[in-house]
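To keep things clear, I will list the structure first and then write my remarks on it.
As written, the chain order gives the labels A, B, C, D and E, with residue 1 at the start of each chain.
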Amino acid sequence: MEWTAPLLADPSLLFGAALLVMLAAILCAIVVSRKLLTSVALTGLFTLVAALWYIAMDAPDVAFTEAVVGGGVSTLILLGSILLTRESAEPVSPSRMVFPAIAVILAGVAILYAVGSIPGFGDPASPANASVGRDYLERTYKEVGIPNVVSAVLASYRGFDTLGETTVVFAAAVGVMLLLGFGERALGDPARRHEALNPDLVEEIDHHVVLRVATKIMIPLMFLFGLYVLFHGEVGAGGGFQAGVILAIALIVHALVFGLSETMRAFPAAAMRAGASAGVLIYAGVGVINMLNGGAFLDYDFLFPPPLEQALSGPDGHAGQHYGIIAIEIGVTATVASGITAIFYGFAGRAPDIASRGASRGPESGGGS
Amino acid sequence: MIGLEFLNIAPQRFAEQAPALVVVGPLIAACAAVLAPGRRWAWFLCVGASAFAFWMAVVLASEVARQGVISYAMGGFPAPLGIEFRVDALSAMFALLISGMAVLTAVFSGESLETEIMSSKHPLMQGGFLTCLAGLLGLVLTGDAFNAFVFLEISSIGVYAMIAMGGARDRRAYPAAFNYLIMGTIGATFYLIGVGFLYAATGTLNMADIAARIPTLTSDRSIEVGLAFILIGLALKAAVFPLHQWLPAAYSHAPSMIVVFLSATATKASVYLIIRYLSTVFAFDWQVETAFMAFVLAPLSVAGILICSMQAAVDPEIRRILAYSSVAQVGYMTLAIATATSAGVSAALFHLFNHGVMKAALFMAIGGAAIHLKSQRLSDFAGAAKSAPWTMTAFGIAALSLLGAPLTAGFLSKLRLIQSLVAADWGWAAAVIGLSSLIGVFYVGRIFEVVFFRSEPEGGSAVREAPVSILLPLWLLAIANIWFGIDATIPLGLAESAAGAVMGATTLSPAGAP
Amino acid sequence: MLEQAASIAAFVGQGLVLAGAIVTIIGSVGVLRFPDFYTRIHAASVTDTLGAGLIIVGLVLLGGGFFVTVKLLIIWGLILITGPTASHALANAAFTSHVKPLGRGDLRQPSASDEG
Amino acid sequence: MIDALATGYVYAIIVAMMMASLFVLLTTGNLIRKMIGLSLFQTTAGLFYIALSKVGGGTAPIIIDAESAVGQARAARLDPAYVEHFGVDGVVYGNPLPHVLILTAIVVGVATLSVGLAIAVRVREAYGDTELDAVRRADAAASEPEPPGPRGRPNA
Amino acid sequence: MLVAAALAIFVSMSLMLVRAFAGPTTYDRLLSVNSFGSKTVLLIGVMGFANGRPDFLDIAIVYALINFVTTIGILKFFRYRTLEVSLSTRRRAVADASGERPDA
């Protein structure tokens, strides 16, 4: 039987269309802007609007991730790196645009050619929507026993992908630590000690009392919210990754308002490094326990030895899946929170070194607008 | 099958878990290495984990030889739902090559890092190396198209940073690493888009499942374009001409440990995926694909072979000569694959294996001899054979093998390449290989002239004999080059059974079936 | 009786949401049309706070269960804390970096910033 | 026909955005801007996947009870036969699999972004600039017979 | 009515975008980005109710937080030229060494 998707009955499609147009407008602005800061702010907006679009497309988990990552972490890291480099890009000569333009147009035409044969947007009978995706919807409650199908697929059916994703964050943290260090320069910056000895460098008026008070209220709330997102991920949108980013952002706010060295005293870089690898260890460790109990890697039904699993679950519960998912989500949170904090330490802690080379800044910043 | 079956002493339950353990072992060790209190600990972990991975790879290979394709369901969920590790002879061969090289590189890394990277960062380097190893092993074992993307990224992200760490000696490493990152990520994203098209058309991500569903489709436009995107993405990662520009710069400025490992494995893993897609997923019997092989892949390979050989012949920096030669050698492999015959694929795999062995030896020798030498210029190696006879003899053996001199592994693999091309009626392609070998004589001759016949510069050469921990893996590789040139049963057996595995059946049976 | 109350609440709620949306549009027009930074920030922050309040009270009246209501109130609280703080910080930063407010008579001259 | 128009535009806009960000990435010589382009390129690939996962009249793939108020309100908008045919226990959901994939891809994207930016920062420290042209000029100058010194000239 | 409200918020976001493109000072851009963010929070809420699935307000909370954080981040960028210092003191040395106005 032929079905056409009830597109007009779905208000989210109207929102989706409007948001897509807005996305395209923002992207156009990014293409033409040369001031890096403007580009970064617009990129932040782009990801926020993309996240809105994800909500309209019924993908709240993706929206959540895109918002915390694209709007929060990426923007801050980009800001940190602009501070360490330069603020505007050189114009591109038109002659250099020819080859990329041809390549891009060719690739675009190829994709459009293929898109013509993809079943229509929103079609419930398309191969993508009708096969494995639908199986997950039908089986999750029976096999994993949690309502959020995305979390179930993420942590259980395709848990190995998620282990890989966690490893990627770990590898990125290792890479940034290799390249930029652990922010140790912020702790040992001689200029800073010099400043303490010369109080006339410090202005008397305290401009930011409002900000500090507000931040003091916000940070505990953010921690609490992060934990809520972590443990709520089985039922609603959210999960270990989003929780990790929120926790990291709480630390980053602290560093932004109270100073990096203050934060690094409370959460030293060595601890972040340990946390990043501990998270992957927890995750892989859960898998190894499953193997020891006779299951496949990451088969949480074997998280507990079979007799214990039966005792815990009862007739059709899924104690193993339940605790397994929580355990690996904690691992993900640990790696992501510490990894992103370590990355931020790297970028922010590099600053004094560059700032002290202020002389080479001058000619570059003149290139703006 | 490989002469190492005696290592297959694992209890049966352990052997069943080998597909997961081969990846998870290095992964856990990577985390532990980052936490290691000192560089010695990190090094031990690194060697231990690589050896463990190698052992597991041997177990896997002998299991595959015994019982055919092994399917391992991650998380206990059967294939289209869960992620499947699907090990056939091809994957087993690559797993052996990668983990074997990792062991040698790990041994080599101890002394080599000592001089190149400040010691507080050694644990991070070892951790990054092990992550990369886990990523490459996962890449060749997985049977899931998206999972392959994740492993592609795992194996690259740490590497970008580690290549940039060569910047302490030569600042050109930074832009080189950056270019590699851009190109690698574009490649990975192209791959991702291509997988998206396959998913849109078939509704599944499991490679065997995709292969089974493709014949049932009415329209294959999205499959065609998906394949194109996947191949372009992987060609970027595998440095197939003309998408190779990132490779020479990245290889010539990275820390030697990374170069040794990457030259033997990283582009090879992408070649693996190319073979996997062409043969298993698309089964070599599809019209667009054959046209692509004959009219795109083959001409590009030929151009790559000739142009990069010439570039190698004129470049003044020794590592870059070898890097350009690597691109040319990738061209040999893709050329043989483009014939789409069993003999061609087997010759390509045989050459790939041998090339890994010789390139690793060459870069290892340079890394070992030039520990105190900041420059990479060929002229600075004048008379190196006198100041570092052991290292440079091994280097010479591997260089002869690269050239294809008789009694070395390179000779046999070039012979088989030419045979397979002639058998496929591609005589002109065989002539191209001959021509490029002639150019090879020129650049290897240049290196020989400098290293062996020129006298040392005044004040003595900065080249020193490599320490024992480097000579050991180096000579193992050099001997392997000769051994495989005389008795090629091991690599040939691997390559033929691998080629048989992918070329024998036109399509894989969907997962679950034996 | 109860149902009647619920439908009245829903109606009022929708009205409040719409009113809030209109207030935000007015604020945005202000941001677009006002002549200098300080007047614009005024337009933005006042209407953001008011519009957010109206919309959130409206959504609460629409009803969506206990948790939804709690979350809406949390969001309101957050907006009440962060909105003014951010505005304050922005204005402060602009002022300390010598962005001048328009003075008497400046409006007579058409300034570049007037063109949206 | 209306449906074809109503659906075709989604992929067209997404592809156009994908190519625009690729264009930024390929043309600019500024390392930071390259990373911005790369990050946007990855995001638009994500948009493509999520567009595939949309099911008309569907809701987020978090299982709800069809008998609950929310479930009934959703079902009321749709043809009962449609719900019967495409729904799971009376509710039509979006496809969860692309969501999972893109979640992973977003994370990979931010990891790449941070490593790339870290390398860009090191380029700036070594060369004094983050424009590829300047870097090339500095390298060309350094490979001449008389190198201008190990650190090169800033802002050459 | 909710759909109309959502579209109204959408229109006001578009107006904010125009201000963000137009500037003219960087602070105007920041203001519009910030205000855009808070309108997004509202839009999520209204969209959730309009779709009949109002239980994704967590994302709105996250937006509110993110909006606050990035505003502080960008602010520090301008005033201090570093993300590293504490806001309880003003580092004149660093701020002045850059020798430039952000709105120049």
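Going forward, contacts are C-beta pairs under 8 Å (C-beta built on N, C-alpha and C of every residue); 3 or more make two chains touch, one makes a residue touch a chain.
On a predicted model such as this, the values are computed, not experimentally measured, just so you know.
Trainee: Give me the step distance from chain C to chain D, shortest route via touching chains only.
Mentor: Step count on the best path from chain C to chain D: 2.
Trainee: Work out which chains are contact partners of both chain D and chain E.
Mentor: Looking at chain E and chain D together, the chains touching each of them are A.
Trainee: Write down the pair of chains with the top C-beta contact pair count.
Mentor: Top of the contact-pair ranking: A-D.
Trainee: Could you work out which chain's C-alpha centre is the most distant one from the centre of chain C?
Mentor: Of all the other chains, the one whose centre lies farthest from chain C is B.
Trainee: Using the average of all C-alpha atoms in each chain as its centre, how far is it in Å between chain A and chain D?
Mentor: 12
Trainee: With chain centres taken as the means of their Cα atoms, state the distance from chain A to chain C in Å.
Mentor: Each chain's C-alpha centroid was found; their separation is 28 Å.
Trainee: Distance between chain B and chain E based on Cα centroids, please, to the nearest Å.
Mentor: 47
Trainee: Just curious, how far off is chain E from chain A if you go by their C-alpha centres, in Å?
Mentor: 18
Trainee: If you look at chain E, which of its residues touch at least two other chains?
Mentor: 6, 13, 30, 51, 55-56, 58, 61, 65, 67-68, 72
Trainee: Give the residues of chain B that touch two or more other chains, as numbers and ranges in rising order.
Mentor: Residues 146, 150, 153, 157, 160-161, 164, 193, 199-200, 205 of chain B each touch two or more of the other chains.
Trainee: Mark out which residues of chain D touch at least two other chains, giving numbers and ranges.
Mentor: Answer for chain D, listing residues that touch two or more other chains: 18, 22, 31, 52, 59-60, 77, 97-98, 101, 104, 108, 111-112, 115, 118-120, 122.
Trainee: Let me make sure I understand the interfaces: which chain pairs count as touching?
Mentor: All touching pairs, sorted by chain label, are A-B, A-C, A-D, A-E, B-D, C-E, D-E.
Trainee: Mind listing the chain D positions that touch chain E in their complex?
Mentor: 59-60, 70, 73-74, 77
Trainee: State the interface residues of chain A toward chain B in the complex, per the touch definition above.
Mentor: Answer in residue numbers: 110-111, 113-119, 126-133, 135-136, 139, 143, 156-161, 163-165, 167-168, 170-172, 174-179, 273-274, 276-278, 280-281, 284-285, 287-288, 291, 294-302.
Trainee: In the complex, go through chain B and note every residue touching chain D.
Mentor: Chain B reaches chain D through residues 146, 149-150, 153, 157, 160-161, 164, 167, 171-172, 174-175, 177-178, 181-182, 185-186, 188-189, 192-193, 196, 199-200, 205.
Trainee: Applying the document's contact rule, which stretches of chain A touch chain D when the two form their complex?
Mentor: Answer in residue numbers: 1, 3-10, 13, 16-17, 20-21, 23-24, 27-28, 30-31, 36, 39-40, 43, 46-47, 50, 53-54, 57-62, 65-66, 69-70, 73-74, 77-78, 80-82, 84-86, 89-90, 92, 96-97, 100-101, 103-105, 107-108, 111-112, 115, 118, 120-126, 128-129, 132-134, 136-138, 140-141, 147-150, 153-154, 158, 161-162, 164-165, 168-169, 171-172, 175-176, 179-180, 235-237, 241, 336, 343, 346-347, 350, 353-354, 360, 363-364.
Trainee: Could you pull out which chain E residues touch chain A in their complex?
Mentor: The touching residues are 3, 6-7, 10, 13-14, 17, 20-21, 26, 29-30, 33, 36-37, 40, 43-44, 47-48, 50-51, 55-56, 58-59, 61-63, 65-70, 72-74, 76-77, 81-94, 97-100, 104.
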